[in-house]
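One structure coming up, written as C-alpha cells, with questions to follow.
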Amino acid sequence: MQNELIKEGLTLMLAGMGTVFVFLTALVIFMSLISRLVMRFQSAPDTGNPSDAEVAAITAAVARHRQK
Amino acid sequence: MQNELIKEGLTLMLAGMGTVFVFLTALVIFMSLISRLVMRFQSAPDTGNPSDAEVAAITAAVARHRQK
Amino acid sequence: MQNELIKEGLTLMLAGMGTVFVFLTALVIFMSLISRLVMRFQSAPDTGNPSDAEVAAITAAVARHRQK
Amino acid sequence: MSLIEQIWQNSGLYQMTGGQAVMLVICLLLLYLGIVRKFEPLLLVTIGFGGLLSNIPGVEIATGDGLLHLMYVFGIGTGAFPLIIFMGVGALTDFGPLLANPRTLFLGAAAQFGIFATLLGALGLTAMGIMDFSVREAAAIGIIGGADGPTAIYVAGKLAPNLLGAIAVAAYSYMALVPLIQPPIMKALTTAAEREIEMVQLREVSKAERIIFPLVLLLLVALLLPSAAPLIGMLAFGNLMRECGVVDRLSHTTQNALINTVTIFLGLAVGSKLSAEEFLIPSTLGILLLGIVAFAIGTASGVLMGKLMNLVSKQPINPLIGAAGVSAVPMAARVANKVGLDANPHNILLMHAMGPNVAGVIGSAIAAGIMIMFTS
Amino acid sequence: MSLIEQIWQNSGLYQMTGGQAVMLVICLLLLYLGIVRKFEPLLLVTIGFGGLLSNIPGVEIATGDGLLHLMYVFGIGTGAFPLIIFMGVGALTDFGPLLANPRTLFLGAAAQFGIFATLLGALGLTAMGIMDFSVREAAAIGIIGGADGPTAIYVAGKLAPNLLGAIAVAAYSYMALVPLIQPPIMKALTTAAEREIEMVQLREVSKAERIIFPLVLLLLVALLLPSAAPLIGMLAFGNLMRECGVVDRLSHTTQNALINTVTIFLGLAVGSKLSAEEFLIPSTLGILLLGIVAFAIGTASGVLMGKLMNLVSKQPINPLIGAAGVSAVPMAARVANKVGLDANPHNILLMHAMGPNVAGVIGSAIAAGIMIMFTS
Amino acid sequence: MSLIEQIWQNSGLYQMTGGQAVMLVICLLLLYLGIVRKFEPLLLVTIGFGGLLSNIPGVEIATGDGLLHLMYVFGIGTGAFPLIIFMGVGALTDFGPLLANPRTLFLGAAAQFGIFATLLGALGLTAMGIMDFSVREAAAIGIIGGADGPTAIYVAGKLAPNLLGAIAVAAYSYMALVPLIQPPIMKALTTAAEREIEMVQLREVSKAERIIFPLVLLLLVALLLPSAAPLIGMLAFGNLMRECGVVDRLSHTTQNALINTVTIFLGLAVGSKLSAEEFLIPSTLGILLLGIVAFAIGTASGVLMGKLMNLVSKQPINPLIGAAGVSAVPMAARVANKVGLDANPHNILLMHAMGPNVAGVIGSAIAAGIMIMFTS
C-alpha cells in the first residue's frame, strides 16, 4: 500500500516532468519556426534590406507604439 | 403537409409585415404628436419668437452640448 | 392575541434600542481608545512635540492628500 | 380573420387589467420623480422602469423564466445584490468625520427609534384590525425608518418578500423627500439659539485609525450581534478596501463598475415586485403611511438626542445634526447644514452632520440584525 | 509503457475527430476575418475563440460542467446575455436622427421583409424536401435578415437552440459583409439621379423628446405586441438611462464595463455551439445560404420603399438610405453614405441614413416578437 | 430577563469556539501581511477578510445560503473564477520577452520540478504515516510549487476542495515571500562569475508573432494535453484579446473591471474555506511545510537548469533568471534582477527574467493539466 503510493508519485513525477518538457519543447520549436516565417514573410515585399534611416524610423515607431 | 408549411409561412409573413408596419406607423404618429406638443410646450413661456441673436446663441449652445 | 402582538412589539423595541445603544457605545469606547493608542504610538518615535512649522507643513500635506 | 384575432388576443390592449394600467401610471410617476424632480434617480429610474416592464401583460418578464424574475431570485432572494451594494457604500463612505467625533454615534443610535416605533405602529394597526401585518412584516416595514435603501431591501427580502416592492419604493421615495419632511420637524423641536450653535472644527483622522475602524466594527458585530454581520461585514470590507491603500484597483472597481452594475440589476429586480397583484393591495397604503411616520419619528429622536447631548456635553453640539442620524446619506447631512445656515449664515455644519449621517447607516444595519435575529 | 500509452490516449492527437479538425480550421478562419479583415471583431474574435475551445477533444468546456456550457445555459438559455447587450445598445444609440425625421421608420419597417421572405424560403426548402426545418427553426433563421446579432441570438435561443451557432455566425458574418453585399443591390435598383438626391438638413431634437421616446416605444410595445417587450424594453431602458441625464454613472457603466463583459461571455457562449456535431450538419449550409438571401432581400426592400416614399413625399428622400433599414448599425448607414458620395460628392447622407438604421433595430425586434408569439 | 438571555445566547461572545477565535487572529495576521507588509495585497486582503467573516459564529455567511458560500459554489466549485482570472492574467501579460528568446521556456519547465517533488513528498509523508493525503490531495498540494494563485485554486477546487483554504493561503503567502525565500538558494547554487553574466539585448517581437503565439499555444494544448485546455485556453484568449488590436475595449474591461470584480469575489470565496473546522487541522501544517519546500525546490531546479543551458548554449545565459521560472509574476523576475544587480551593477536582467517568469505560468498550467488527467 505504502509502496504503491510512492510508486504512483514517482510515476506522476516522471510523466509530469516529461509532459511539461515535451510540451514546452514543442512550443519552442513551433514559435521559432513561426518567428522565422513571419520575419521572412514580412520582409518579402521589401526589395532588399531596409536602409539605416528606415530602421531608425521603424524602431522609433515601434517604440512609440509599444509605449501606449 | 407541405402546403400547410407554405401556408403557415405566408400567414406569418402577412401577419409579421403587417404588425411591423402597424407598430412603426403608430410610433411615427405618436412621436410626431409628442414632438409638436413638446415644441409648443417648450416655447410657451416665451413671449413670441426668439430673436435672430437668440437663435444663434441657442444653436451654438446646443451644438456645443451635443458635441460632448 | 392582540395584546400579544403589542407586547412582542414593545419587547422588540426595548431589545432593539438597547442593543443599538450598547453596540454604538461599545464602538465609541473602542474607537476612542484606539485613537488615543494610535496617536501615542505614532508620535512616540518623535522627540517631543512637532514645531509650529512642522505642524503647518504636515497639515498642508494632509490636506493635499485628502483632496485627492 | 383568425390571424388578426390571434394578434389582438395576444396584444396588451386586449389583455391588460385595470390594475396593470394603474401600475403603469404609478411607475411613470416614479420615473417623473426620478428624472424631472431628481429624487434618488439611480434607484427610482431603475425601479420605475422595472415596474413598467413588470406590468406588461402576457409576457414573462417579472415572473417565471423572465429576466427580472431571475434577477430577483438570484440577486435579492439570496441577499447578494443589497450586500454588494453595501460593500460599494463602504468603499464610497468616508468615516473620517465620525472618527473625529465618535460621540456622534449616539445621534445615529437615537434616530433608529423611528424604526422600532414604526414596528410598534404596524403591530398596533394590526391589533386594531385596520391592517394585517405579521411580526416579520412589521419588522421589515419598520426598517424603512432606517432611511437606508439596501438595508431595507435586504431585510424585506429575508422577512417579507411579498412586501418588498412597497417597502423599497417607500424607502427611496422618502429618502428623496428628506428635504421636505425633515426641516419642519427640526425647526419645531429646536430654539433659534440652538440652531445657531457653532461647533468646534473636527480634528484630522490618521490613516491608521481609518484602517482599524472597519476591523473594530466587524469584530464588535461578531462578538455582540452576529445576525448583523453580513450587512456590517460587507460595509466594513468595502471601507477597508478604500482606506487600506494597497488595493486601490479593487476599491476603484467597487466604487464604479461593480456598484453601478449591481444598482441597475437591483433596481430592475425590485421593479419586478411592482406587479399590480403584489403592489395594489391595502398593505401598500399602510406601508407608505407608516414609512413617513418612521422618518418623522427618526428625525425627531435624532434632534432630541442632539439637544440632550448638548446639555450634558462640554463641547457645544448643534442639535440639528441629530436629524442626519436617520442616514439618507448625504441628503440628510445637507439638510442639517442648510437649516443651520438659515439660522446662522456663518455656521457650516456639513462635516459635523456627516458623522451622525454615516453612524445612521451602521445604526440601521444593527437594528436590521436585531430584527432578523428575533423574528427568524 | 502503459504510462505513455495513457498520455497518448488522452491526447488530442489520438482523440480528435475529422469534424473537430474541420471546425478548428473554420474557427481559425473566423478569427482571421475578425482580426485581419476587421469583420465585426468584437463578436467574431470571441465566437471564434469559443469555437476553438469547443472543439478540443476529451475535455468538458462546451459541455457538461464546462465553463462555456455554463455560460450558455445561464446566459443564453435564459436570454440574459442578449437582453443585457440590447440594454447596452440602447445606451449607445442616439435616436436623434430618427426623431428628427420619424418617417424613416417606414424604411426600417420595409427592410424587415427580408426576415419574412427568408422564413418562407426556409419553409419552401423544407416543402421541397431539400432541407428539414420546423416553423420555429425557419423563424429563427429568418431573423438573420434582421442584421442584428443580439436579436438573432435571443430568438434562436428561444426557438431553435440547436441552430444557434450557425445562425449567430451567419448573422455576424453577413453584418460584416454589408459593404460587399449591399452596394450592387443598391445600384441595381436606383437610377443615378435618385442616388444624387440631396436631403434637407435634420432639425435639432430636444432633450424632452429624447427622454419621452423610449417610454413611448415601451408603452406601444406593451399595448400592441407584448412578446417583443423583453427586447424592446431593455433597448428602451438603456436609451432612457442614456438620455435622462440623471443616471450618467449607470449609463457609463452600461456602455463600457457591462456591455464589454457580457460581450466576452456571449461570444464564448455562442462559440460553445460551434462543436463539430452541432455545426457540421446540412442545415448549416442552408442557414448560410438563406442568411445571405435574407440580407439581399432586406436591402432591396428598404431601397424600394425609399423610392416609393420619394415619389409620394413632398421633401426629397434619397432611396439609398432605405438600405440602411436592415440595421447592421452603423455599417449599413456608412455604406449608404459612401454609395451616395460616389454618385454626388457633396451628398452627405450619413445622418439621414442613421434614422432608418436604428429604425431597423426596432423593426427586427418587433419581427422577433411576432415570431416568438406565433410559434411558441 | 429571557430577552437579555436570548440576545446573550445569540451573541458571538457566547457562541464563539476557541478555533474561531484562533482563526480570527490568523485572518487579522493575513490582513496585516497584506496591508502593512504589502504581501500580495489583492488576495491576502480579500482572503483575510473573507476568513474573518467565515469565523463569525451563529450566522450563515460561509455556509448554507450565505453569500460567501454561494460565491464559492458558483465561482470556485465550477472553476469559473480562477478561469476568468486567468483570462485577465492573459490580457495583462506581455509574452514579448518569451517570444524574443523562446529557449527560456525550458527554464519555466525545469522550475515545475518543485511541483512534482512536493507531490512525492506529500505521498512520502503519508507512506510514513505522518500525514494522510490521498493522491488527489497530494497533487493539489504540489501545485503550490507552481507559484501561481489561480492555477492552485483551480486545481484544489477540482481535486481537493477540503484543502482549498490552506492551499490558497500557502500559495499566495509564499508568492509574497519570494524575495525572502529565493535569494539564499540562488546564491548558494551559483558562483559570483555566473551571477555577473550579462545577456544580449532582446530583439523586437513583431505584432504577427504576438497574435499567433496564443493560438499556437492553444492548438498545442488541444493536440497534446486537453486536460490543461481550460486554463491555457483562457490565458490564451485573454492574451489574444490583448495583442490582436481589434478588440481593445474588451481587453481593457478584462484588464480592469472584470478581473478586479472577480478578484474580490474569488478572495472572499477562498476566505469562506478558512473556517476553523476546515482550516485548523493537521493537514494545514503539512501543507504550509510542503508549500515552502515546493518553492525552494522549484527555485533550485530553475537555477540549475539555467546553469546547464549556459554551459551548452552559444549565447550566455545568467542562471539567476532560472529562478524566475517558478512564476510568481512579476516578483520572481524582480528578485532575479536584484540579485543580478548585487553581483554586477550594470547587469539589468529584468526583461530576460520575464521570459522564464511567464513561461512558469504556462508550465504550471501544463503540470495542472497532468495532475487533473492522471487523478480524475
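Worth a mention:
Each chain carries a letter (A, B, C, D, E and F) given by its place in the written order, and its residues are counted from 1.
Keep in mind that, in the parts below, contacts are C-beta pairs under 8 Å (C-beta built on N, C-alpha and C of every residue); 3 or more make two chains touch, one makes a residue touch a chain.
Worth saying up front: this structure is predicted, and the values here are computed from it rather than measured.
Where touching is counted per the definition, the chains common to chain B and chain E are D. Set side by side, C-F and C-D show the greater C-beta contact count at C-D. In terms of their C-alpha centroids, the spacing between chain B and chain D amounts to 38 Å.
Chain centres here are Cα averages; for chain B and chain F they lie 56 Å apart. Counting partner chains per residue, chain D has residues 6-7, 221, 224-225, 256-257, 374 touching two or more of them.
Multi-chain contact residues of chain A (touching two or more other chains): 15, 19. Chains that are in contact with each other form these pairs: A-E, A-F, B-D, B-E, C-D, C-F, D-E, D-F, E-F. On chain E, the positions that touch chain F within their shared complex are 6-7, 10-13, 15-16, 24, 28, 31, 34-35, 38, 41-42, 45-46, 49, 52-53, 55-59, 61, 65-67, 70, 256-257, 260-261, 263-264, 268.
Interface of chain B with chain E (complex): residues 2-3, 5-6, 8-10, 12-13, 15-17, 19-28, 30-32, 34-35, 38-39, 41-42, 59, 62. Chain F makes touch with chain E in their complex at residues 78-80, 83, 211, 215, 218-219, 221-227, 229-230, 233-234, 236-237, 240-241, 244-247, 249-250, 252-254, 256-258, 373-374.
Chain contact summary for the complex, chain C toward chain F: residues 11, 14-15, 19. Chain contact summary for the complex, chain E toward chain A: residues 3-4, 6-7.
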